[in-house]
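The same chain A turns up in both complexes below, where it pairs with chain B and then with chain C.
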Partner chain A sequence: MGSHGIKDRVAIIGMGCTPFREHWDRSTDDLAIDAVAEATASAGVSVPDIDAWWLGTAQSGMSGITLAAPLKLEGKPVTRVENYCATGSEALRQACYAVASGAYDVAAAVGVEKVKDSGYQGLNAFPIPNDGTNRTLTAAAMFSLVAPAYAEKYGVDPTELRRTLARIASKNHANGAHNPRAQFRREMDVDAICRMPEVAGMLSVFDCAGVADGGAAAIVVRAEDAHRYTDSPLYVKALSFVAGNGSGLLDPDYDYTHFPECEWAARDAYAQAGITDPRRELAMAEVHDCFTPTELVLMEDLGFSERGHAWEDCEAGVFDLHGDLPVNTDGGLKSFGHPVGASGLRMLFECWLQLRGEAPEDRRIDTAARGLALTHNLGGYPGEMVSFVGIWGTGRE
Partner chain B sequence: MARVAIEEGYFTVPDDPAEAPRLLGSRCGACGEHFFPRRQVCARCLHDGCDDVELGPTGRLWTWTYVHVPLFAKKNAKVSAYGVGQVDLPEGPRVQALLVGGPDDFEIGMEMVLDLETLRTDDDGNDVVIMRFSPHRAAGAHEGGERP
Partner chain C sequence: MRGIISTAGYLPHWRLQRPAIAAVLGGSAGKGTRTVASYDEDATTMAVEASRRALRAAVDHEVSAVWFATTSPTYMEKTNATVLHAVLRLPATVMAADAAGALRGTNAALRAALRSTEPGVLVAAGDVRTGPAGSTDERDGGDAGAAVLVGDGDAASLVAEFLGAGSATREFLDRWRVPGEVRTRAWEERFGQQRYDELAGRAFDSALEDAGIDADGVARVAISAPHARAGAALAKRLGAAGAEVADALGATVGFSGAAHPLLLLARLLEDAAEGQVVALVALADGADVFLFRRTGAPAAATTVADQLDGGDDSLAYAKYLSWRGILPVQPPNRPEPARMSASAAERRLDWKYGFVGSADRESGALHLPPARVSFVGGNADDMDPAPMADVPATVATFTVDSLAYSPSPPVVFAVCDFEGGGRLPMELTDTTAAEVSIGMPVEMTFRRLNSADGIANYFWKARPVRSGPAAGAATTTAEGGQ
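On to the complex of A and B.
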């Protein structure tokens, strides 16, 4: 028994990603078609060339017909998957395993979500399985509980920590300002973010990711076939997923300063990829910055910072666009919003651009020396969440 | 006028309004673990047959937030913001509950005490009450607030 991964057995040969915004004039079908059209063009394949499909959508449709109908697929398998906010990454994970198994030659993962039509100002609540005694708070309030607990545990002045959180948002907005696919494209400084209307605890409106409509897609083949399609594929180094058992709700040992599900997923992913020092081996990371304390804590859970020191690394600019380990170079959930089914694939799209040297010059980072990127999603709340970690690379052993 | 709980089975409603209410919890007959709210099967050792016990009424604040955009209070125009805390009971369980006070009133490690607030009056004229924790202002309440 064991988690062995499929390092270097599957390659990504094409990707597409729509702009993320309020697409009043685009349906779920339109967004899926746009993402697939860009991905197939990028891979040099046509829709009938794809043998099997995985569709990630949390709430924009049920069953594979949600994708088969707009794409007019004929006689093809389509599996619709959902795994909270890691839904897009989960679709890709399944497509990769299908190709690695030998079952199919060419598979596609498509993520799509139309959130703005729901009529809610935030994500419509997921019905988390519970016994009727679960917590009832906004997601922002749930994640805001992390900040005072972190400040207390590590002796950080809460006023100082509040500015560190704002700096995380400011960094992501600075990156997103350079990205034509991002929804919010204005730079925001720390003082401006701190002055925004309060939402919960230390968090202001700009400590919270927005919502958006969007779609993204990736096409995968066996690694040995990749060069038939492209000179610069990305190889799948690791795919890891953890569904927490919710014990953080019952167990007072859970202290609200870390997310064990993310630590476990990262540990498994690093083992699959053979990474021992992620801070120095990864060229970049796209992480799930749903709220600013989330990104802070993730820098420790993913092994980029020592426990209790992520706030200092954030302040020192380690995760800035041209820092030692750039995080959310495309602007993150902060700049894009979070169409649940699409976000994980949107993160991979940024790795696709950056690792292949195709990111626009004003946000391009140097990935030549390291050649590895990480994407991360989480879904749920502190104490009960799911987490995905994927690692992608330009070279193949 | 009588006071009645908004939901049976979660907290006591003492006849004497000066008396602190208590939380209705469970204690495992096998391993001794405490739980709130009540449960039949122990979540730690899976023993079937927890005993009813009363917990609190005091606890220590583990972490907290102050919600300016209440999700569930949109139907009540009188509620614009509220505190929520994770309160550790002396028996062990950590309870998430409403807090009494404003955003400057809370500090991690402070002692909290359970009380009841009247939410509305029902058709029979009873005061319908909910539970919440408020900072315990007694002398020395902050002593021993160090975290383990």
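On to the complex of A and C.
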């Protein structure tokens, strides 16, 4: 028994990512078709060349037909997957395993979400019949519990922490300003963010991810086949996933300053990839900054900062575009919004660009010395969440 | 002997200063305050709170039947009393039924309970009293719950011995409300007043005869009347005979409809000295008079008097109007809650209504909601029920959510840790964001979270512990002694 991973057995040979927008004029079908078109062109394959498909969408459709119908696939397996906000990464994880198993030669993971057709702001889960006792709190409020708990535990002045959180938002907005695919492309300074009215705990709307529609896709093959398609594939170094059991909601010892599901997923991923010092081995990380306190705590859960010190590292610029470990170089959920099914693949798309030196110059980072990137998703709430960690690299052992 | 085993009143936290009405609508400024059911309370939840208090004061006493009286029922056709039955975790063999619709239902249920030989009859009442903006009923009404447990006992175990009762009935038109309407219509008050004067006198005489006592043997009398003028003549007559006429709570609570007779009875027995004879006169399309002798058992831990002193009278009139739906306000632009599933709710009856979690027999770990598999150690199907409704808790951390759907935003939400273990993140009520702090003691209260498709979705919230003993303190001590 054990988690062994599939290090260097699968390669990504092409990717696509639509702009993330309020796509009033694009349907779920349109976004899927556009993402797939870009990914197949990037890999130099055509749709019929792909042997099996995984579609990640949380709420924009059910069953594989949601993808098979718009693409007019003929006689191909399509699996629709959902795993909260890690849905896009989950689709990719399954596609990678399918190729690694030898079942298929070429597989595609497509993530798509049409959020803006609901008529409401924010993300809204469709209701599963229940006994009426479930919490109806927003995700923003659940994650807002983290900030005061963190301040209290580590003796950070709440006003200081407010500025740290604003700095995280400001950094991601600055990165997103350089990204034509991002939803929000305006820089926001720390003072302006601090002045915004609170909507959930100490969080303002500028501490929350945007809300956008989008699609993204990746095409994967066995590692040994990769060079048939491209000279610069990305290799899968690690894929880990943890579904929390909700005990954080039951356990009086849980203190809302860390996410155990993310710690476990990171630990497993580092073991698979053979990483011992992520802060110094990774060139970059794309993490699930659904709310600013989430990104803060993730810097510790993912092992980038010592416990209780992520706020200082954020202040010191460690995670800035040209810091020691750039985080969310594309602008993150903050700038992109969060079309649930697409986000994980959007993160990988940024790694795809950066590690292969294709990111536009104004946000390109130096990856020469460190050829590894990490993507991370979480879904759910503090105390009850799922978490994905993927590690991707340019070289193959 | 037959009598009252326990009794309790429930006054909601919020109070409206009557001058606040005139400040908005003009007209003459009323005096005093009225009680106001919060946006998450209804007749059922207030009756539940009163019943919990009454039963807490009657530990181990059998309840064999539940009557619920109200003129503002949440449901027609469907019985509302079964919610009380579920919250109080009574056995299936206990009958639960409504005496709903008319004000006199309370009197009928109390009379039937006192005249029956059932081991324990819980008579509970609750009413949300309102009317069109600026109406007399809005101003002079009050929201409350009250409950009385009737049964057999001796002078030490009863709060009061039942001495006798009398009634008088006559068809006449005084006040009436068409089902579904907010407004209660009324004939000229003087007509009703004179009919009630005559009926009250006859019922009182009949009760004295039934009890075999004289009028001068009555020490205190409380008169519950749907308008201030009714009952005045009887009060005058009894006052002349030497009885003290109790405050009918008009200046502090208002007339609380179906709850009012039981609320006044609870208040009457709180103050009566042992041995004193007290009379409850309840006027409603006739008159019902009940005579009791105060006996040795103590009154409920949370008294009506305590609650009159408590509460928050800073409620804005506009908020009152919005809570009653008279002034609809813009909700947050979020989907409204879906209706609860009847079958899912029934499967989890003990959780949803009884607030019973589960405790792992091996580790003791508490699970809220109850679980089959333990989060500590993973044992399966090795749990005991863990009733949590009366267990005190404290706020571990909290937040304020201005985005979530609520009938009265913002939502104040706290992670609550229970004394002796157990945690549940839950909504707070009867409070404001500014009042909440980490470590604040809270108690559990049964509320209506929302409504969809006409289904009232009930569950528990936490509220700050105010005056008097904490809800759970008495019970916890009692259990600790077992």
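One rule holds in what follows: the second predicted complex is superposed on the first by the 388 of 397 C-alpha atoms of A that agree within 3 Å, B and C clash if a C-alpha of one lies under 4 Å from a C-alpha of the other, contacts with A are read in each partner's own complex, and residues count from 1 in each chain.
One rule holds in what follows: a contact is a pair of C-beta atoms (placed from the backbone, for glycine too) under 8 Å apart; a residue touches a chain by one contact, two chains touch by 3 or more.
Just so we're clear, the structure is a prediction, and the values are computed from it rather than from any experiment.
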Side-by-side fit of chain B and chain C on chain A, or clash: clash
Partner chain in contact with A:Leu145 - chain B first, chain C second, else both or neither: both
Partner chain in contact with A:Asn245 - chain B first, chain C second, else both or neither: second
Touched partner set for A:Lys153, first chain B, second chain C, both or neither: first
Which of chain B and chain C A:Ser46 touches, first, second, both or neither: neither
Location of chain C clashes with chain B - one stretch out of 97-105, 133-141 or 457-465: 457-465
Residues of chain A at both interfaces, chain B in one complex, chain C in the other: 133, 135-138, 140-141, 144-145, 148-149, 152, 198-201, 250, 252, 256
Parts of chain C lying in touch with chain A, wherever the complex brings them together: 333-335, 337-338, 340-341, 344-345, 347-348, 351-352, 365-369, 371, 375, 396-406, 411, 413, 415, 417, 421-427, 438, 449-450, 457-459
Touching residues on chain A, where the partner in the complex is chain C: 118, 120-122, 124, 127, 129-133, 135-138, 140-142, 144-145, 148-149, 152, 198-201, 245-247, 249-252, 254, 256, 383
Of chain B, residues touching chain A in the complex: 35, 37, 43, 62-72, 84, 86, 88, 92-94, 96, 108-109, 147
Residues of chain A defined as touching chain B within the complex: 133, 135-138, 140-141, 144-146, 148-149, 152-153, 197-201, 250, 252, 255-256
